[in-house]
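There are two complexes below, and they share chain A, which is joined by chain B in the first and by chain C in the second.
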Partner chain A sequence: MNKDEYQKLVKQLTPKENRVRNAFVAFLGGGLIGFLGQVIITILMQNFGLSMVEASSWLCLILIAFASISTALGFFDEWVTRVKAGLIIPTTGFAHSITSAALDYKRDGFITGLGANFFKLAGSVILYGIISAFFFSLLGVIIYG
Partner chain B sequence: MIFLFAFLVSGVVCMIGQLILDYTKLTPGHVTSLFTVLGVVLSFLKIYEKFVSFAGAGATVIISNFGHLLYQAGIEGFHANGILGLFSGLLAKSSVAIVGAVIFSFVLAMMFQPRD
Partner chain C sequence: MDSMKFQNIYIEDAVSIAGPVEAEGKIHDFDFTMEDYYYHEKTFEQAEIKMQRVVIDQLLLRNHLVDRDISYLISGDLSNQISVSSYAAKYYRTSFVGIYSACASFVEGLIIGAKLLDGRSKKRALVLTSSHNLTAEKQFRYPIEYGAPKPKTTTFTATGCVGVILSKKESSLRVESATFGQSIDMGISDATNMGAVMAPAAAHTLMKHLADLKRSVDDYDLIITGDLGSVGVPIFREYLKASYGIKLKNHVDAAMELYYPEQNTYAGASGPTSLPLVLFGKILKARKYSRILILGTGSLHSPVFVNQKMTIPAIAHAVSLEVLS
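== the complex of A and B ==
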């Protein structure tokens, strides 16, 4: 068997991920988080008299707590392999990346392990968020006044 | 109706994210960063606030909302205190997400061991 044949065989035997199914599952998973989030926001606003902003902030904390706890207990990775982007794109993915980095690098020590790697995955979201928001804010103030 | 739109908006955004992951070589780190910056741009174009008003949590649960909050806080900071306000206020609204994730992650990392 030469190299080309081998490559062909590898390609044939590699399980093909069903992209349509992945997209549909991500749609359902992400949609469910948005729907449940809206249910929580409505309950908070009607029963606790919170404003929309306060209710959204509480929802953000609830999602983060949910993602961090399920990551620490080991469920989250299992769910991500099923729901994929449906759990990564919401705030849950942000919290998951920090919690899993904290858990993974804890054994390398508090400073060089946990401290140095805490924002290893979420850092780029914070970094590019701040950079783009800073310059677009400047632009926005100039354009809109 | 807002419940349906909440489902549809966050669902479609997650689906787009999944399609990017499947059809390109970008990693989840790329996609979340990209969506955050996209949130800033949509907020700048005054589109994101419309998403929030008709889809509610559908727009606020996704990571793009982080960019939206950064931009809104930057603008408010500038109007309150000029260029210094832009520096001091940029993180004002997204502090909840960052501090929340830091506190929960640290406390839980102290309590649990990683599973491999």
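== the complex of A and C ==
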């Protein structure tokens, strides 16, 4: 059996992921986070007299704190495994990736361990986030002047 | 012929530790079990070193030996630079042979040990492997608490440590013959599908073992593969049939014997301890089989080469065991 035939055999015998179901679960999970966010924004605006912009920032902080604390308490990863992309794509996923990396390296020293590995997973998001933000603003300037 | 036959090498004793998830699985007959992953230590790495030391100490104690009675300590694990084994070895006045064949390390150690003792030597060797789910996870995959969604092909590194004493002293378990495998790469680059990576290596070593010793699969009561998992097993059987015309009947895979399906371990157990935990915790205790072939299987990848999109080579080593009554 050559390599090509073997890859065919592997493909044939490897169980398929249920993409439709995963997408649906992620849609519901992510939607729930969005809904929760809207509820919090409304509460902040009505009860604390914050503007929409201020309330959004506070919401972001609340979600980040919630994801980080529940990662440290050890149950957030199980939720992510179940809800999949629904919890990874929102800001909760970003906080989760940083906290989990920090937990891994907390005993390996502040500089060589914690500091060096803090953005192990989130680094790519930050780097490519900044690069694409730059190009999109450039595009905005070109189009809208 | 590359395969070897041994005249009078025996496994004198075996000691095993199982991790918290393994202890709640299908097998309950381990010497020690861990309540949590820290095992009263500060870090997971230190916990794994302690696991090795507990196994070595228990083997020495139970057989009324001291460390100097052991001529060779042959051990391996999954940590970078097999540092867990090296750091554990420093506590013993014994020649230390550090080995790495990923999840085939236990069988590799058995063969090296048996070969070192072969001939007239009256020495003893202690063969040991350990793996810890969280030290391996941290190193090979994502941070421990990161809940990355995993495909169904993923295996779950078993936590445990198993050690055996090899010697000339007659016991009920004889190391009869052995075959070292070749490093085989069939073009799979997906490190989350190690079953598919390792299946061709397992098939090749089995074929080589049978051809070298002029045997057929029927000469064995049972053939145990290490950690092919629920995805690797059908690929292994199909490949064996298509490439070498060998039909397997009496085969079990250790990866599928350790956990219950509801334990969320995806395609089953992996790691160098998966095979010996099942062998000593279940198969030998059943007293049903007298000729057993163990096939340790290892995926020889590193995170660096996986990131560089290289296809993954795999290895399998075989040892034939004879149960004497």
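In this section, the second predicted complex is superposed on the first by the 127 of 145 C-alpha atoms of A that agree within 3 Å, B and C clash if a C-alpha of one lies under 4 Å from a C-alpha of the other, contacts with A are read in each partner's own complex, and residues count from 1 in each chain.
What we mean here is this: a residue touches a chain if its C-beta (ideal position, glycine included) is under 8 Å from a C-beta of that chain, and two chains touch if they have at least 3 such contacts.
Everything numeric here is computed off the predicted structure, so don't read it as measured data.
Residue contacts after overlaying the shared chain place A:139 against chain B, while chain C stays out of touching range. When the two structures are aligned on the shared chain, A:76 is found in touch with chain C, with no touch to chain B. In the superposition on chain A, A:23 contacts chain B only, with no contact to chain C. Measured by the number of chain A residues touched, the leading partner among chain B and chain C is B. Once the two complexes are overlaid on the shared chain, A:115 sits clear of chain B and of chain C alike.
In the superposition on chain A, A:7 contacts chain C only, with no contact to chain B. Where the contact sets of chain A with chain B and with chain C meet, they give residues 17, 22, 71-72, 74, 84-85, 88, 97, 99-101, 103-104, 107, 121. Taken together, the chain C residues at the contact with chain A in this complex read 42-43, 138, 142-153, 186-188, 193, 196, 200, 231, 234-235, 238-239, 242-243. On the chain B side of its complex with chain A, the touching residues are 2-3, 6-15, 17-19, 21-23, 28-29, 31-33, 35-37, 39-41, 43-44, 55-58, 60-63, 65-67, 70-71, 73-75, 77-79, 86, 90-91, 94, 96-98, 100-102, 104-106, 108-109, 111-115. Residues of chain A touching chain C in their complex: 1, 3-4, 6-7, 9-10, 13-15, 17, 22, 71-72, 74, 76-81, 84-85, 87-88, 96-97, 99-101, 103-104, 107, 120-121. Across the interface of their complex, chain B is touched by residues 17, 19, 22-41, 56-57, 59-61, 63-65, 68-69, 71-74, 84-86, 88-91, 93-95, 97-104, 106-107, 114, 118, 121-122, 124-126, 128-130, 132-134, 136-141 of chain A.
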